[in-house]
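Which chain is which? They are A, B, C, D and E, in the order written, and residues in each are numbered from 1.
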Amino acid sequence: MARTVTTQRKLVTTVFAWAIGIAIFFPILWTILTSFKSEAVAIADPPVWFNFDWTLENYATVQERSNYFRHFMNSVIISVGSTVLGLIIAVPAAWSMAFVPSKRTKDILMWMLSTKMLPPVGVLVPIYLLFRNLGLLDTQVGLIIVLTLINLPIIVWMLYTYFKEIPGEILEAARMDGATLRSEIIHVLTPMAIPGMASTVLLNIILAWNEAFWTLNLTAAKSAPLTAFIASYSSPEGLFYAKLSAASTMAIAPILIMGWFSQKQLVRGLTFGAVK
Amino acid sequence: TGATSETITVATVNNGDMIRMQGLMDDFYAKHPDIEVEWVTLEENVLRQRVTQDVATKGGQFDVMTIGTYEVPIWGERGWLMSLNDMPESYDVDDLLPAIRDGLTVEGELYAAPFYGESSMVMYRTDLMEAAGLEMPDAPTWSFIKEAAAAMTDEENEIYGICLRGKAGWGENMAFLTAMSNSYGARWFDMDWKPQFDSEAWANTLNDYLELMNSYGPPGASGNGFNENLALFQTGKCGMWIDATVAASFVTNPKDSSVADKVGFALAPDNGLGPRGNWLWAWNLGIPAGTKKVDAAKAFVEWATSKEYTALVAGKEGWANVPPGTRKSLYENPEYQDVPFAKMTLESILAANPKKPTVDEVPYVGVQFVAIPEFQGLGTAVGQQFSAALAGQISAEQALENAQKLTEREMMKAGYIK
Amino acid sequence: MATKHSRMSARLMISPAVLLLLGWMLIPLSMTLYFSFLRYNLLMPGMEEFTGLTNYRYFLTDPAFFAALWNTIALVLGVLAVTVVGGILLALLLDQPFFGQGIVRILVIAPFFVMPTVSALVWKNMFMNPVNGLFAHAAKALGLQPFDFLSSAPLASIIGIVSWQWLPFATLILLTALQSLDQEQLEASEMDGAPWIKRFWYIMLPHLARSITVVILIQTIFLLSVFAEILVTTNGGPGTASTNLTYLIYMQSLLQFDVGGGSAGGVVAIILANIVAIFLMRMIGKNLDA
Amino acid sequence: MGRITLDKVRKAFGDVEVIPPLDLTIEDGEFVVFVGPSGCGKSTLLRLIAGLEDVSDGQIRIDRQDATNLPPAKRGLAMVFQSYALYPHMSVRKNIAFPMKMAGLSQEEQERRIEAAAKALNLTDYLDRKPGQLSGGQRQRVAIGRAIVREPAAFLFDEPLSNLDAALRVGMRLEISELHKRLATTMVYVTHDQVEAMTMADKIVVLRAGHIEQVGSPLELYNTPRNVFVAGFIGSPKMNLITGPEAEKHGATTIGIRPEHLEVSTGSGEWKGVIGVSEHLGSDTFFHVNIEGFGEPLTVRASGEVSLTYGDTIWLTPNASNLHRFDAEGLRIAD
Amino acid sequence: MGRITLDKVRKAFGDVEVIPPLDLTIEDGEFVVFVGPSGCGKSTLLRLIAGLEDVSDGQIRIDRQDATNLPPAKRGLAMVFQSYALYPHMSVRKNIAFPMKMAGLSQEEQERRIEAAAKALNLTDYLDRKPGQLSGGQRQRVAIGRAIVREPAAFLFDEPLSNLDAALRVGMRLEISELHKRLATTMVYVTHDQVEAMTMADKIVVLRAGHIEQVGSPLELYNTPRNVFVAGFIGSPKMNLITGPEAEKHGATTIGIRPEHLEVSTGSGEWKGVIGVSEHLGSDTFFHVNIEGFGEPLTVRASGEVSLTYGDTIWLTPNASNLHRFDAEGLRIAD
């Protein structure tokens, strides 16, 4: 419909879209604003919007209480580690499904997804015992393994849908050109799937970053990520909105910033084969 | 930290005293340069779940755990905790308040060191009380409380006569309600472990509680726990608040509280039957039996619960902020006696008797809890029923009936009754 | 593509993923199954004994079980309804030309990046709190009685919070799908005399069917195990008004430390999840092949 | 019924003027074909007529009525798209019924017209299939069916056959021609295929960069192209265009001669050359002949099989009456 | 160097036998074209030769060596795909270098060959572009370049031109022919385009349902098709096939006559008919003539412009020496 859109209509849409966009974003905005207020201002009625004494005190308090940087590093290591490990396992699997499909391919894929439906609380105790015996409790390696396994089905599915869009002829061409399976995957398939891979990586990092059940239950101090950091704020004493906001802002800021910077890739890739 | 340094992991609850301790660690490090402490700070429920799971499965993730008076006897009996009977002389075990110390001792072995102890009491707004033309006695009755609540409520200005816990949880609304029920002569179980929610006493307890809250309580009370009520009280929205004695230091702290200079204290109410509606609780530091760093852990526990630590806090933050309720010496300290809530706190603690919490005899220990492993689940499930009643989703009768049924069921399943 | 050689490599290359997931599923599952037949409380070590189906009997006859079952379904369906309908409307809006499209899209996406715990905390305390929350302030400013979201409408409130988190996801996928709609199809229908609403109904919506299915599948997977939001906001209450199956099992196995009972619940939940899975797979299978 | 008039119609996308003011009249019942190189504005022009784009200036009249600001649905035109633009989730029957449903026709009337269209287009057996289950040619027929049932004032086709393979294209070409004969409705047809333009059109409009270069019947354009552009564009294989001294000999800047208008002889003739590639089709033989002094090789068509091959020397003689001459501006020099 | 022998090669997908046992020899340096209707197994056969599919039975020999179980990379063949199958993330240079890199050739050698190929294919200016920035024809040339540098024993082409538009197709056709002349390497080429097959092939293999129907030079197939299928398949427009009494007159079940072998007269002739659709290309005119007693209309080609049109009555006379006769089995009856 390439007909000229009247400026008037465009203006109306603009106002409407911005209103809704801001409404959806508002809780985050409000959290960020509140993190710069004093506790008393934070609960003031009527609410104070911008006109208050901006303070960094809450951030200082939060940092004093727990070592933000260590939690942050743990989050980074765990989410990136599980993503890399996941890719290493998932790329070959997705290759097989996409390019050498068999009658069972879809069943396998669906089965993989169904493993994600297991309620984690139902198997926490067995896993905890297992981890204890393997010495994996409160280790980054342990968490990386768990998060990899949890997100593997999603990674496989996403990669599978991207790989399926790559014409098999190109891989055949590589084969004719004398490429081994390894160089076929490394030199041809992987670079071609970069946009899809990027969005898989992003989504997986987000999911791993925000995973709160296993990360909380399988760690203590050494390898606790930001989810554990925020767990100590769920109900501190006294007035705590501002401190809660500061801690929340610190916990979500890295992933929010990463998400914003890479939203193009994320959006482009987030189709799960939903779009043909 | 040298090559020989040891790192211990300490699990703590996220309350103010514990967090304050994290800021005072320089003192500990100065005394123990070879020990490093890692903190795991969690919200109470999560903490309890995590440490219990860890200690029961011998996960070995923590070297020191913050546990309540509920856990200590159960865990001690199972041999999950290191005995602390070998604390050095300077620690002065005999200085611990007997009521608190008894709760932490199983068959002569002290299994945890109290970090702070608390009971519950009435906190009220002196200005509102005055405006209502009433005067709070030192030991009020429930009927007086109701009268005062009615007099103070001013919904127009968002002032609610009374704030009480409503959030479901054995450590939340059930702590309060169980303590309250004691003063009404109710009990959880009779001597045959038969649940007693079908008793008259429980019906009275719950009805009075609901009437208080529905008529004079703040909106959304069914979601309010300690912290929510604290915030309400600090912002001047509550006329009275019956809750933990530790709250006193927060509500009188001018930095956080807008009513700091208008707070008075009284013993928890009674009904003339003997027991008052107050509880007894302590947060303690225990060392799980599996740890390989016993010495370092002990050194830390000793430091954190010592008299010196109390002095350290007093020096840095003033006497009002020291962890209360564990040592006789603190209450004998003249400087501490100046603290407005010191006397009432001590009296409240002394007024509780975990071994005989209520009018009739019971087969269990614990004022606001029943020291059996099943109680966490039971207490929370019953708490949910009462919370639903408070939210108006079911009637009081219905809530009691449900509570009776589910308790019977669980006790049957656990094998207490046939 | 289909030489013996490549088929062999394929089998070899898919096996790590399959074996790992099989292990991840089978090992805890068999342990869970085993525990579910035991009387096993973490707090009473050494007293484990075989009790047959007792745990199942207690779990299935627990009145909370049916409440939880219903709440689980209501939560999943509620969030799906909100996110799918909202996602379609939002996608339609964002597909229009307007100033600052990029920024608005960033605003709309943001909730997806927020940890469930954080979002639950923020909503509960800063918005839904009936005294100090922003909604309460707003209600009072309008002269209304503040509404107590979490105790008067706990499940609906949780549905709201969870929907807020998942709306961006649905919107993103549906927007991509909408943009992939062949413009010529729309033009053809316009030539055929279809007004906007009919173009939406007859052309766009059917085109979105496949994406909607994918949104439903993925979200269902995550929604079945919603947990943090409940733990933080309502603790499953008041009563059992917002207890879902996951939370019920949590209470059994981690609050009461009744591993046996919790395991029985886990097995029941796994069976139910698989029923849902089969149902969903059927649906998606049909839609994905087409 | 279906007379379409464009009056100083101009179209710009932003600052880019894609179609400078242009006048064109399409008579009722005519089959008009737009041809021109890629990007010259054929589709844009068609879409302006359809109402899928707004004109920047000028007026469009359909049957003397001003249609410039009418929405597409109100213009009474039907369009067949290059991609067919079938509704993939509807059966063939539903696809064809869609415009009638939108117009609110009665169920029986719909049925009747679907039957008729399906029969005319040989689709009766496929009515219940989805477009995805049809071959390219069948899909194209469905698209036409969907257009027919509306009984429009005119049909607009945008390269409707370019997605089909050669054999099918021939068949569909005939079908559309027959359809036009039968319905006698105005048809406007965009293509870049020579043969389609030549065989189907009553009138060809040659466009370049939004300008009309020439309007006329296919044979007019073939025989008397108005300029070098049209000469080179119409006819397949392309007309040989020769510049330089040879052209000057004929008093022109450029001369043109079509491959089929060159006589081949092994003995003598006007131009001597050497055969490069030769293509033997059985029915015809094409030679690419390199002639000294001419830049490009000349393409020559000989009927039937001619057994000359790579490297042979031959003589070519242009058929004088078919020699085209153009001046320095590229305009035709009348004989 | 590049002799390929298929010995009883059979291919089944599951239970479906796509290629029944088949023998074929492709001589070194030959340009062999596979033609046949869609789905007849052309691509499958090519892919069997390439090693991209396993044979179900039989043997493939390349230069007398058994290659049946060799992986594709080891067969020394290069393939050009219909979709070009270029690596989109690599520059043209890298694309062309890829097979050499895989073979571990030295950097200098790679450079040398890339230069040579780029020059031969007119790609020098585009070496640093990505495939996405090239036109269809250029992409096709890159694909060929990638094949050339390997100096393979034979080239395999699977419909390499079918994604190009008509004009480009003609150009690329010539280029490939020239390449073959220059390299003299064996080429196996799959197409469904008549003209490509006729103009490029040394030898055409006509396939139907996996069977070889006829093998021969283009003109052999044009002049003496072995059966009705080949007769109908080779030549464009298609040969007119007539059955019934008219065929019996010539002592055959079916007779065939190509459109270009029918003489048109307005006065008299053998068959009297009425013109249906007529197509005037300028260079030629095609009539579709309905003759009583013949089922299908006959297609007739007349050179140049003939001003007959719809509804005119004309007489057609088949050129006797070009009349093909087939028996009840469809086999050619020798003259």
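The criterion applied here is as follows: a residue touches a chain if its C-beta (ideal position, glycine included) is under 8 Å from a C-beta of that chain, and two chains touch if they have at least 3 such contacts.
The chain list, named the UniProt way, goes like this: A = Sorbitol/mannitol transport system permease protein.
Bear in mind that the values here come from a model prediction, so they are computed numbers and not experimental data.
J.: Quick one: which chains contact chain B and chain E both?
T.: A, C
J.: If you walk touching chains, what's the least steps from chain B to chain D?
T.: When the steps are counted carefully, the minimum from chain B to chain D is 2.
J.: Among the chains, which is located farthest from chain E on the basis of C-alpha centroids?
T.: Of all the other chains, the one whose centre lies farthest from chain E is B.
J.: Per the definition of touch at the top, where is the C-beta contact count highest among chain pairs?
T.: A-C
J.: Can you give the whole-Å distance between the Cα centres of chain B and chain C?
T.: 36
J.: Which integer distance in Å separates the CA centroid of chain A from that of chain B?
T.: Distance between chain centres: 39 Å.
J.: Taking each chain's centre as the mean of its CA atoms, how far is chain C from chain D in angstrom?
T.: Their C-alpha centroids are separated by 55 Å.
J.: Averaging over Cα atoms per chain, report the distance between chain D and chain E in Å.
T.: Computed value for the inter-centroid distance: 27 Å.
J.: Touching at least two other chains at once: which residues of chain A meet that condition?
T.: Where chain A meets two or more other chains at a single residue, that happens at 1-2, 43, 125, 129, 172, 231, 233-234, 240.
J.: What are the residue numbers in chain D that touch two or more other chains?
T.: Residues 52.
J.: Scan chain C for residues touching two or more other chains and write them down.
T.: 1-2, 42, 132, 187, 190, 254
J.: Can you name the residues of chain A that touch chain E in the complex?
T.: These residues of chain A touch chain E: 167, 169-170, 172-180, 183, 187-188, 191-192, 194.
J.: For chain A, which residues are in contact with chain B within the complex?
T.: 39-40, 43, 64-66, 125, 128-129, 132, 137-138, 216-217, 220-222, 224, 228, 231-240
J.: Mind pulling up the chain C residues that touch chain E in the complex?
T.: Answer in residue numbers: 1-5.
J.: Quick check on the complex: what are the chain C residues that touch chain B?
T.: Residues in contact with chain B: 41-45, 54, 58, 62-64, 129-132, 136, 145-146, 148, 150-152, 234-241, 251-252, 254-258, 261.
J.: Considering the complex alone, what residue numbers of chain B touch chain A?
T.: 9, 11, 14-16, 19, 22-23, 38-44, 46, 50, 53-54, 57-62, 225-228, 230-231, 234-235, 250, 256-258
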